[in-house]
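A single structure is presented below for examination.
Letters are used for the chains, namely A, B, C, D and E, taken in the order the chains are written, and counting of residues starts over at 1 for each.
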Amino acid sequence: MAVASDVPKESFRLSMLIYDTRFRSLTIQVVVLILFALAVAWLLNNTVQNLAIRGKEFNYAFLWQRAGYDIQQQLIPYTNDSTHFRALLVGLLNTLAVAVVGCVLATILGIFVGVMRLSHNWLISRLMTVYVEVFRNVPVLLWILLAYVILSETTPEPRAFRVTDEMLAAGQAPAARMWLWDTVAVTNRGMNIPAPVFDRPLGTLALGPLTLNLTFLALLAVIAASVWVNRRLVAAARRQQEETGERPATWWKSLLILFVPAIALLAALGFHLETPALKGFNFQGGILVAHSFTALTVALTLYTAAFIAEIVRAGIMAISRGQTEAAYALGLRPGRTMRLVILPQALRVIVPPLISQYLNLTKNTSLGIAVSYLDLRGTLGGITLNQTGRELECMLLMMLIYLSISLIISGVMNIYNRSVQLKAR
Amino acid sequence: QATLEAVKARGELICGSNTGLTGFGNPDANGNWVGFDVDLCRAVAAAVLGDPTKVKFVPTTGETRFTALQSGEVDLLVRNSTWTASRDSELALDFVAVNYYDGQGFMVKKDLGVSSAKELDGATVCIQTGTTTELNLADFFKQNNISYQPVTVADDSEAQRQFLAGACDTYTTDASGLAASRATMPNPGDYIILPEIISKEPLGPVVRHGDNNWGDIVRWTFFALLIAEEKGVTKANIEEVATSTSDEEVKRLLGVSGDMGAKFGLPNDAFKKAIAANGNYGEIFAANIGEGTSINLARGLNALWTQGGLQYAAPFR
Amino acid sequence: MQVSDEVAVQISRMNKWYGTFHVLRDIDMTVRRGERIVICGPSGSGKSTLIRCINRLEEHQSGQIVVDGTELTSDLKNIDKVRSEVGMVFQHFNLFPHLTILENCTLAPIWVRKIPKREAEETAMHFLRKVKIPEQANKYPGQLSGGQQQRVAIARSLCMKPRIMLFDEPTSALDPEMIKEVLDTMIELAEEGMTMLCVTHEMGFAQAVANRVVFMDQGQIVEQNEPKEFFSNPKSERTKLFLSQILGH
Amino acid sequence: MQVSDEVAVQISRMNKWYGTFHVLRDIDMTVRRGERIVICGPSGSGKSTLIRCINRLEEHQSGQIVVDGTELTSDLKNIDKVRSEVGMVFQHFNLFPHLTILENCTLAPIWVRKIPKREAEETAMHFLRKVKIPEQANKYPGQLSGGQQQRVAIARSLCMKPRIMLFDEPTSALDPEMIKEVLDTMIELAEEGMTMLCVTHEMGFAQAVANRVVFMDQGQIVEQNEPKEFFSNPKSERTKLFLSQILGH
Amino acid sequence: MLPPQPPPTRESGVVKWLHENLFSSWLNGILTVVGLIILALIIKSALPWWLNGVWHASSLGECREIIAASAGEGATGACWAVIRERWHQFIFGFYPPALWWRPILAFGLLFVAIGPVLYAGQKRVLTTMIGSAFLGLLITLWLASAPAMVFVGLVVLLGALAALAQTRPGALLWFTAAFPALCFLLLWGGSFWTPVMAMAGFAILAVVARLLAGRVGAPVAVGLGIVAAVIWWLYVSGPVAGAFASVAPLGLEPVKSDQFGGFLLAIVIGVTAISCSLPVGILLALGRQSNMFIVKTLSVGFIEFIRGVPLITLLFTASLLLQYFLPPNTQFDIILRVIILVTFFAAAYLAEVIRGGLAALPRGQYEAADALGLDYWQAQRLIIMPQALKVSIPGIVSTFIGLFKDTTLVAFVGLMDPLKGVTQIVRADINWKGIYWEPYIYVGAIFFLICFGMSRYSMYLERKLKTDHR
């Protein structure tokens, strides 16, 4: 009888590095790590050599030099005397503006279209199908160009708004008019909307490189306070409803709480709207929302929404018919069934692919230059790169920024995702 | 490492070109590159390799052009690039000549009622990005203490479309580009180019810093074209001139006497071949962008110095 | 366990087609308040379709269905009314997995009946106690066993205080031990006098609680009778064949 | 059906944990060549884990497992050797759906044993004939019934000419009619003297072929005995309880 | 028993259809009307432009004159003449017209080569695919006026393949394996021996790995095989190819990659990148699934990095930064560099797709493979990957569609993509300067046809795979 303890205990041999499951993975990892380190070292060495050959050095000092160029849309103050870094920030904010607005709109539109595609209305579901297929299967660059051209070719020039003395004398009306009681002008350059102006602003507070606008802060604080009070009110009402079944009328209280303090503050600050007016070549005053922004946002929204619609549709279809039937059998109407039963479940299926659509949209904002939109790629990766000739620095920085944005988006979404995970046994 | 040897070994000149700029360089329906800048490349190819067709054109964008040159991807960049101090120094490039003296100008619609760029306060300006235009523009408006709305456009055709649609009041780029655009608009008469030229834009061939022989070859190929015009040597009469001329400089130029070509490391008749490829400077100008063509540019600053222009070649001796 | 004279469901000359396939043919049936009817028949005979027509999960194309005095037409108001009077329990429970057991039970009362949440929760707990799982109220459906889930489904229906309950093979997706739990709950319900229509193959259940067994085949009602009579003395050949299969199993 | 003195599998003081959960506790067991052992016990008692340890699909943390003279350690060569000596049949067959039945059977002989394809196919056909489905050789697993698939799985293991066969509930995923097909095959195999360890609840099978029945609970071997003794005269309370459930079912 | 009756027809067909599908409720009615109004507006605004289209003109100015003459002053109209004159540049770039048959043939054979992957062993489908490829090629080659020899070659080649499909459909995979070399030869031309020697490198890899596997174990053997193959490619294959070429100078007229443009370029980049990225993607997916911390971290890092930055920055890396990262004075073709970066891009996306496929495999498959004694790589190659890849095919196709659309971005580094690159050179032509919509519509329509076709096909595959995969 062979006894188990007869088997001799092995001492360490070199071959165990490969053939012993305990060491094997260690060996592989060490080899991989060495290869990786070698590759990195090789790349770095090459880069250093190449930089030396070209007499360049790797540093970001150029970011603090004068940029010297102008940018059409600026969310923070910027002139051509500002630094390249400031231009980078302007570009980054422009990128984020499109990304944020685009993601929100694309989600709304995508859900709408996705639900409509499941509609029983033949025409609507077909129209939605056509929309989805057409947008999904043509490069997004084309849609961006198209949106821009349509916006700028179908709207009037600022000149068309002009009223000259002869026209007054002849009783002629100008070729184009402003909208919404003469507050909004849509020209072929963009939308001029009224800007909020304060006669008695609170001034600004300089905190190192950051300048805080106190007026805005005050306004935000008041609104936040009102919202908080209102939520208390609604919560109280809900409690009462839960206890008695009667819900006290709260809408007028809500209105008061929400609006009176804000309006009072606005009045105190001397708030009024500055409406745009035609002066010279363009409308002056107010805020100009350039068509390049609108077009990029609209095109990315439409393009991404087509994908989101498919995701939403698939998500809804993944919910078994039994759920709908159970909800109907309980007497829930189709709209409520969708909102209370189907969508909350579908969201779990929808969110992961939705994240990658958000990422795609954000990355696609880098095509903005095709329609004259100066985003991060247009400033840092375009004009700054061109003017300074620092392609290595600019490109690496740009990748780093995009990468951070992407990681933040997917990080946030992953947290959400984990929080809605279905509980199961 | 020497570019000349590399080109000879390869049997082909690689010339960085624009991705498509009317009159200066773009492929035609058959894929043959044509244009003012292209012809200079062909002349260099003819000088170095004896055959003007042995050129490969690599389209480069505003961002990629200098890197392509620095990294050796192209031997020579002839792509309407402005000669500036920082490009010469910081980017380690050499501008070896100026084949076109340009300047940044403005185009407006006639019925706008503007006759000077200084009246453009508050106007929306379409700028073609990728060169020095953005900076010149900012400086100009700043100096004159007027404001503007910049619309930074990626390429010429898009800028032209926006300008025509009235999305910008004025379109600014190099005057040659403006003229080319205007020539192809539905009603060219409706548009005017304003008199202000707000910058100097000397455009010329660029080579890598440090390879002086190669730089000399490109420079002197270009000068050869200028001298040829000056001396009345044309594509048509070059053979005849070569045999009959008594002008010593022309003789040296065409390799009939002396060993000037050899001094550059080229065959003695190299410059003759360069001229024979597409004719002299004037001919190249006239054929691609000159007054007979639909682009219809006047010689202006680009006339020979003898005719009041700036094109001036050093003596060939 | 008394049956009143009042009519709860009245189906007359009802026909239904799926496309060109004639699923239900000239169905006539009267259910009185308090009656407990078991529907059986071979697979594909239209049992499910019949009871799904009663709360309009399926539309019938001709004939009349009157539930509690309300005729089912394409009028949405009538449909809503009938659905809130009729509870339904499905083979696969169809609980809402994203809501807790308690929320499953209070969802419809709150949104359809507009009952205060507090009150709805009390009702829900009452019925959960009745189906013997009050302690699971804050779990999610995925955390319960099949038998428990089906009992929640019954409680969920009951929370709407329906006057009629429909069951579509409520036990056929369950393991044997769990079947008993659910049947017990249903028997208890029957004893309280609930009007019930139940598609099931549990003949023990039929014998124990049904007033009437309805046998369907090929979209028709072939035979209906008291359970004792039905099992001991089936009239048609089809029924005999079917019973021999079912009981022999 | 003779049992030799040679030891096929020797397990001594073997312990296994999943994380902090102690699944197998101090298992001692000797299997002799030619023995046929049936392992039974309640769900979760660690039966599957035990036999999966024998071909190192699971790693044990302490104690020894010696299979056919080779100790299972982290040495890959030993593991490979043991695995090619030990065949395993799973509950869910785990056939390779993208390969034909024949390819399923020849894959391992060709790639692991390096047997020429021709020869491997002959062996495969031999064993397919043995499990009575030679005519299915060129079909894909998806085209066979469950019972046929399980027989293919057995044939696939046999093609490696294993000296020991492990079965993990080979019939529990099958419909009643098919169970018999598979059990017949296993009985035949047993009659040829194959060393077998079989996790199963088919007590008929155990009585018919097992030399020994091992009863496990909570990660321990509670009782082992000859089948006759085991069924007629269980010693521990646990076993009695378990047998009453199983046989009463 | 009652016999079944036909269903009642309450209303006549059209009315009923309208009622059920368009006006079943007032909400639906409103939606219908809104939909109709939108449709009408779109048609109204675009119709005249389409109707006034001009096909025969030699410049934009001429187009304008013709439209003004026929539709009145100020009328707008499409100038399709530009497409008539330049259509080939959008498709082939500057590829010499006399050689158009080569890309066409390569593209047609691509379908034949994909067949055995998608439909392994299915004789009928494979034969149909070969047949339809043959017909399609016959027509397009005739249109491209290919030389007669090409037709002879085509008949012989596809005839042989069809015969093979009938007798030993499995063997068609060898054609797939050889296709990259054939495709390279057809597209770029040059010596016949260059691609052959390149393929020989893979053969060397396989032989070395096979021979050594017994002695040093599979991973080391494959490593050595790769080293041998790399040595072959770097130092030996060139001279050997040269030697063969001097003995038997077979080959096709070379075409330089700067002559590639338009859809030809897009397809070459897309197809090459997807097929090259497949092995990389598989390795990354396995790395990401692995329980070795470093391997996993590196894989995740690579995947997330590539997926986190816009493709356009990767393209700039190809054109601007690669010059810094590679040893001084290494230069290679910009198209090649772009393909390499796009390959990385596709690999990261494919890795995620394949990871999905791996996750869809039941654990039992791994266990069965282990229990049979297969080692890790054998199990991957024989059991896991064939199944995981099959499940992933729809995902791979949609990645390809996305990639194919994204190839338009190569215009930003100066390549002649169909959408922006070619359009720009066409518009730089003095005759067509100022033209805007027509090239976009033409290119957009072709993109739509290709992508829509592929996405439909992948849906079909998805449905098919779902049913036949257990």
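The rule is short, and it goes like this: a contact is a pair of C-beta atoms (placed from the backbone, for glycine too) under 8 Å apart; a residue touches a chain by one contact, two chains touch by 3 or more.
Each chain and its UniProt protein: A = ABC transporter permease subunit; C, D = Amino acid ABC transporter ATP-binding protein; E = Amino acid ABC transporter permease.
Values in this document were obtained by computation on a predicted structure and should not be read as measured data.
Participant: What are the mutual neighbours of chain B and chain C in this structure?
Facilitator: Of all the chains present, those in contact with both chain B and chain C are A, E.
Participant: Using the touch rule stated at the top, which two chains are linked by the largest number of C-beta contacts?
Facilitator: Top-ranked chain pair by contact count is A-E.
Participant: I need the rotation angle between the copies chain C and chain D from a CA superposition, between 0 and 180°, in steps of 5.
Facilitator: When the C-alpha atoms are superposed, chain C turns by 165 degrees onto chain D.
Participant: Averaging each chain's C-alpha atoms to get its centre, pick out the one most distant from chain B.
Facilitator: C
Participant: When you average C-alpha coordinates per chain, which one falls nearest the overall C-alpha average? Tell me, please.
Facilitator: Minimum centroid-to-centroid distance belongs to E.
Participant: Just the number, please: Cα centre separation of chain A and chain B in whole Å.
Facilitator: Result: the chain centres lie 43 Å from each other.
Participant: Give, as an integer number of Å, the spacing between the C-alpha centres of chain C and chain A.
Facilitator: The separation of the two C-alpha centroids amounts to 50 Å.
Participant: Go ahead and note the Å separation of the Cα centroids belonging to chain B and chain E.
Facilitator: Inter-chain centre distance comes to 39 Å.
Participant: Please set out, as single numbers or ranges, the residues of chain E touching at least two other chains.
Facilitator: Expected reply: 316, 320, 323, 436.
Participant: Going through chain A residue by residue, note those that touch at least 2 other chains and give them in order.
Facilitator: 18-19, 149, 370, 381, 391
Participant: By the document's touch rule, what are all the touching chain pairs in this structure?
Facilitator: Applying the touch criterion to every chain pair yields A-B, A-C, A-D, A-E, B-E, C-E, D-E.
Participant: Over in the complex, which chain A residues touch chain E? Could you list them?
Facilitator: 18-19, 25, 28-29, 32-33, 36, 43, 46-47, 49-51, 53, 116, 119-124, 127, 133-134, 136-142, 145-146, 149, 356, 359, 363-364, 366-367, 370, 377, 381, 391-392, 395-396, 398-399, 402-403, 405-407
Participant: Under the stated contact criterion, what part of chain E meets chain D in this complex?
Facilitator: For this pair, the touching residues of chain E are 362, 364-365, 367-368, 370-375, 378, 382-383, 386-387, 390, 468-470.
Participant: Give the list of chain A residues in touch with chain D in this complex.
Facilitator: Of all residues in chain A, those touching chain D are 1-5, 7, 10, 16, 18-22, 24.
Participant: Please name which positions on chain B make contact with chain E in the complex.
Facilitator: Touching chain E from chain B are residues 1, 18-23, 26-29, 31, 56-61, 63-64, 67-68, 70-73, 155-157, 160-161, 164, 180-181, 183-186, 293-295.
Participant: Provide the residue numbers of chain E that touch chain A in the complex, in ascending order.
Facilitator: 20-22, 24, 28, 31-32, 35-36, 38-39, 217, 219-220, 291-295, 298, 304-305, 307-313, 316-317, 320-321, 323-328, 401, 405-406, 408-409, 419-420, 436-437, 440, 443-444, 447-448, 451-452, 455
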